[in-house]
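You will see two complexes here that share subunit A, one where it goes with subunit B and one where it goes with subunit C.
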Partner chain A sequence: MRSVTVVDVLHMPKYIINRFIQMIPVLFLVATIVFILMRVVPGDPAILMLSGQGAISPEMVAELHQQLGLDRPLIAQYLSFIGNALKGDFGSSNRLKASVVRVLLRVLPYTVALSVAGMIVSVVLGVPLGILSALYRGTWFDSLFMVVAMFGVSVPLFWFGLTLILVFSFMLGWLPPISAGILRLQSLALPALTLGFSQAGLIARLTRSSMLETLRQDYVTTARSKGLAERVVVMRHALRNALIPVVTVIGLQLGSMFAGAAVTETVFSRPGLGRTIVSAVVWKDYPLVQGAVLFAAVGFIVMNFLVDLVYAWLDPRIKYT
Partner chain B sequence: MQSTLKQIVRTMRVSKSLVVGFILLSCIVALSLLSPYISPRDPFEQSVRLRLSPPNSEQWMGTDRLGRDILSRVLHGGLISLRVGGLSVAIGLLIGALIGMLAGFYGGWLEMVLMRFVDALLAFPGILLALVVISVLGVGLNNVVIAIGIAWVPRFARLVRGNVLSLREEGYVEAAQAIGCKSFRIMVSHILPNLIGSLLVYTTLQLGNAIVTAAGLSFLGLGAQPPAPEWGLMASQGRDLIGLAWWVSTFPGFAVLLTVLSFNLIGDGFRDVLDPRLGLRRRQE
Partner chain C sequence: MRTRGVFLSFGLMLALLLAVSVVSPAQEPQYGGILTIVMDGAGEPSLLDAQMEPYVEGWLISHLLADNLAFRDYDGLVKPHLAKWSVSEDGLTWIFLIREDVVFHDGTPLDAAAVKANFDRVLDPAHPTPQTTDRLGPIESVEVLDKYVLKVTFSSVWASFTDALSIGVFPIWSPTALEKYGDAFPEKVVGSGPFMLDEWIPGSHVKLVKNPDYNWAPSCIGHSGPAYLDGVVFKWVTEQGVRGQIIKTPEANIVMNLPAEYVPSYRDDPDYIFLKTVSPGTGLQHVMNTTENSFLSDIRVRRAVLYTVDQDEINKLGYGGNWLASYGAVNPLTPSYNPEASTTAMYPHNLETARNLLTEAGWVDTDNDGIREKNGEKLELGWYCIHNEIIGEIVSEQLKEIGIKVNVRLVPGPVQLEAAQQRTFDFMYERERGPDIGYLRYFWHSDNAVPGGWSWTGFTDPVLDKWLDVLRTSADQTERFAASGKAQRIILENALQVPTVAQPIFWVLKPEVENFRATTAGNYFHLYDVWLNR
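On to the complex of A and B.
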């Protein structure tokens, strides 16, 4: 990697602070959109929540309104929602009778472990395959790779996960079909492979096209004409630049995995943020939906922030803009 | 007419993935449309005697827990998935393209307001926005269509705005403005036709994406409800049976895979053909 100079160190904090300040309005807008979607869309949450509990009397609705603060003016609800969110208070779950933050913090480690493991799988599979197929473009390896990557991009997660369970748990008996541990390799392997495989297809395709693009650059030709070994040209000159767009996508994917893990977590009966959101949606547990969505969105935004920092480190030109 | 045909043939020759994807999708569409006539049995007909029969000469894909013929259900599921994908992408495309067009063309405060809104929607990762919409509208396949449509709006808006920004600077747009064309006319007859290429590629890829997302939401129990022969729902009904009766979830899931694959192949093919830079490069290699 590029060595860090004094100038870089002097400029870095300013960039970080600017980028951090830019994050605030987005967080604010996201919270506002969640609030608007949950309140202003037709349909009374209280009635939705009470449905399925037999006859609904107007008194029950009014009581629930008061309990949820829905009887207050919208603007007051909005202000207290933002105020509480700033304090890290998302209310309490209707169904689980526990604070939303506590429910989320309990399942978060599962999802973080799964997302990170999935990301490792996708990078370990995707980046080398993408590089190799770019280097051997037009050969049978490249063609085979394109087919596998296309398959990876198209495969439904639930189907791939169930197929892995069928093969590795029931036919071979190697791994458990249910994933209960946070970090146990045995229980993490299949879900991580499920989540990582489709991302691997995406990363591999991107690495390949980015690598092809970079290999065509003048400085690569220069490096070759200097008589450098092909391995040095590829590893030292082409790879680092080719990976810049890949790093961006990896970061974004890791963020979206937090929420996208819902299907994988359901397939493997694994606790997690995604499954918590889904069951909150099914049970119309509004405070939990609201809190979990904000939680995931904030995670995603912070992830983007971190990606931008890595990006600035990889590409010195970005810092001064 | 003949030149169009020639163009199509030439296009097909450039991209293998377009040809394969097109053939695959044609088969899927044909089978789905013909499903009422070619299905061996009624997709809802239950049979205690035939419960969980493995694939055999009578039931090619076996039967589910209620003895329903899986082949018939998979065939009937085709139209459901194609419709859900088409409708949700149409919602995202229409609203998104309108927002992108207005923001890109008029600029100024309108652009700022619209694009900040779009940015905020994009801050919801993956299917999260769709989940929020479903939590408000309730569970069901129609709501899944609306939810995916809304979740797709910011993606289309950003794509269209980016393109409109560069098209706005083109000589023919300035010329049209100089001779006093109305803004609406410039947008419809000068800018829109030039957007079709990139929209075609993106829309095709998003169709596949929408179909797999909808199937995933149904798998989670948020979309189609029993007894609908929806692929994601069918796969979820086979989830607990995977070690006992693999065919219940494998075949519907495979149907999703093939359908999504066909759209991705076509989208990739369109990109090869329509992006002259990429096309040229490919020929050089």
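On to the complex of A and C.
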């Protein structure tokens, strides 16, 4: 096993700087796309804010357009958005009448906690399941595990969540059916299991195929021929290499969980970034959608960055340059 | 007089049906405990400031945090609360005598200037609170005459003023807090109510704590001093399956809006208290688009729909008969309901008549696929709803019988509002619940057939406006009820809406909840005198 060398450490800051520089065009592109998409969707946020409350005069709409800055040319709106975003100011939510940053910071701890807990569940379930399936390839054990993995990938999240609630909350009374706390284990258990189980299926299948391929490599045969115990061959020689594609997927999944846990959040009545984005899109809350999507994009990029760092630990051939 | 007799008996029936409560008079109330109420997450308010929040769930919470100038008691009667008032003979000038012993949660004393600050806020054109502004009526000016005396002047008579003062839309907030927090106020709401805001996590819950200094409850409540409860938590649960069973866990003391399919599980269960309340109002009606954007612009098609839709069948198939079939512009429990302006009286179920009307209108099934055509276009209609799509599905089956295809579109509220504004719908869900029949104006008066208004059909009629104007200007109940009955008749004659069912609110409570009462004012409740028997 190769440890991280002084040369690697010296290269790290440069690598990190490079990665951060790469983030800028990505975030710029995301910001531009979300800005355009929200304007392309038909409907006037001002009319929507006033609708269903009483008669609206054109003057009221004009007044609100002015308040929201929607009376300005699109390019001016865009430049303001980008300029303010660079300063960390995403404005105020049209609907919630609160600073977008404050709204997002309020839900972010819930999202991070659920995403991380869900990922822990998926790794703890998926990786061992994949390894065992590979080691016992072609046996009933392998078939059973892969059926479970397929079930995890294909089962609808809302159905699985509701089933867990039925069993663990209403039948056994062990866990609460709604998830109010940020880090309370009891509160996190069922949503994390719901979110993690579907990802575990994917990870298990990927781990299995990657492991099978690695076990066929010459260096594994060499290790075995040296008389090493099978456990050592698998854990020390095969697993690390087999995990590289799995780690990539874990990183991507964790990133997508940041904004993609809306169904789980809804089933368990849990606040989160996913629900916030869905609701903001429905209400055409431009500032909130723009801010939330950028938050999610940053989360996604940071996750990928962390994954890249893990690569080097797993594979000595990868260097930070 | 016969009609009036009918109105009175319906009013009596309403009072009897709505007097739903859980009272244990033999026991001494206990102080302490946190009451947890689970509510439908679909109704979660965006803001707790009811002057700005357009939906009733927001008003409900506001109403515990702040007091109003008037109070609607359990029998639906409007009583003075933060103020007493007198009205000039012409009905245009109102003088309010403000209570002198009320203090907001931030220590600011209540006076006429504080009340004026609230009026100024909602009347400010730069401050978008159109619903509150609309409900408060054509106010011309608000003046402070003395420290505790306020004068409100109207440009024309506004009979629904006390109703607006008594329901959630006009809580009196602390002027100091309004000034201090500015745009952030809706997150910090500071009133003078029996409870204070402690924590609000959107998407999860709202936590209120007792106001220990509260000592100005309305006299009709029969309890003074602080509330019995230490606090109240509202939790928002969207999933019906969870809401239906959560009362079995420690997470809830009360579930409001129990899904109908769970009613049989609790109705006769001695371990729980089951309540059913029905509010006066429109029922879940679907208004019909009479503009050229819709095939429903032809009154014969609209009438064919009314001859076909069977409200009793909707209730039976969709809700096991547990809801209330609604046959007109208001549901049968609404005071002033006119049974002669109902589908049962005017459009008795008759498929043959319906088919003939469609044929007469030129809609014929030429290709024998079961759907009628005209000028190469199929008779397909869109049924927009934001919940209870089962009604659309049943109506779809019913209208198939006469060759109309209905596409049910379950959409979020904002999409509904947009389609309504743009008149791109055929049938559109619209409902209002409340004790004041004045809401008929919102739905049917030509003044509201403008962008943002509630009148969505595109139909306007000066005679209808005339009767609806009576609801605005007359405080005489008999005159109002008669005008309401006439308006209902015109609405049905022109086949402007499809009445379906009225939705009761089903409640399930744990037995330790004492003195809980739902009021006649929509789905309101007061928690000030509720206590937990621990």
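Criterion: the second predicted complex is superposed on the first by the 295 of 321 C-alpha atoms of A that agree within 3 Å, B and C clash if a C-alpha of one lies under 4 Å from a C-alpha of the other, contacts with A are read in each partner's own complex, and residues count from 1 in each chain.
To be clear about the criterion, contacts are C-beta pairs under 8 Å (C-beta built on N, C-alpha and C of every residue); 3 or more make two chains touch, one makes a residue touch a chain.
What you are looking at is a predicted structure, and each value in this text was computed from that prediction instead of being measured.
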Which of subunit B and subunit C A:276 touches, first, second, both or neither: second
Touching partner for A:284 - first (subunit B), second (subunit C), both, neither: both
First, second, both or neither for A:244, with subunit B first and subunit C second: neither
Subunit B versus subunit C as contact partner of A:296, first or second or both or neither: first
First (subunit B), second (subunit C), both or neither touched by A:33: first
Partner chain in contact with A:262 - subunit B first, subunit C second, else both or neither: first
Which of subunit B and subunit C A:162 touches, first, second, both or neither: both
Touching partner for A:64 - first (subunit B), second (subunit C), both, neither: second
Contacts of A:176 with subunit B and subunit C, given as first, second, both or neither: second
Residues of subunit A contacting subunit B in one complex and subunit C in the other: 43, 48, 158, 162, 165-166, 169-170, 177, 266-267, 282, 284
Subunit C-facing residues of subunit A, complex: 42-43, 47-61, 63-64, 67, 92, 95-99, 103, 106-107, 158, 162, 165-166, 169-170, 173, 176-178, 180, 265-267, 269-272, 275-276, 282-284
Touch list for subunit C against partner subunit A, complex: 41, 46-47, 52, 54, 125-126, 128-131, 133-135, 183-184, 186-187, 201-205, 235-239, 241-242, 245-246, 248-251, 412-415, 417-418, 420-421, 442, 447-448, 450-454
Partner subunit A, residues of subunit B touching it in the complex: 17, 116-117, 119-121, 123-128, 131-139, 208, 212, 215-216, 219-222, 232, 235-236, 238-239, 242-243, 246, 249-250, 253-254, 256-257, 260-261, 264-265, 268, 281, 285
Parts of subunit A lying in touch with subunit B, wherever the complex brings them together: 25-26, 29-30, 32-34, 37-38, 41, 43, 48, 137-138, 150-151, 153-159, 162-163, 165-166, 169-170, 177, 212, 252, 255-260, 262-263, 266-267, 277-278, 280-282, 284, 286, 289, 293, 296-297, 300-301
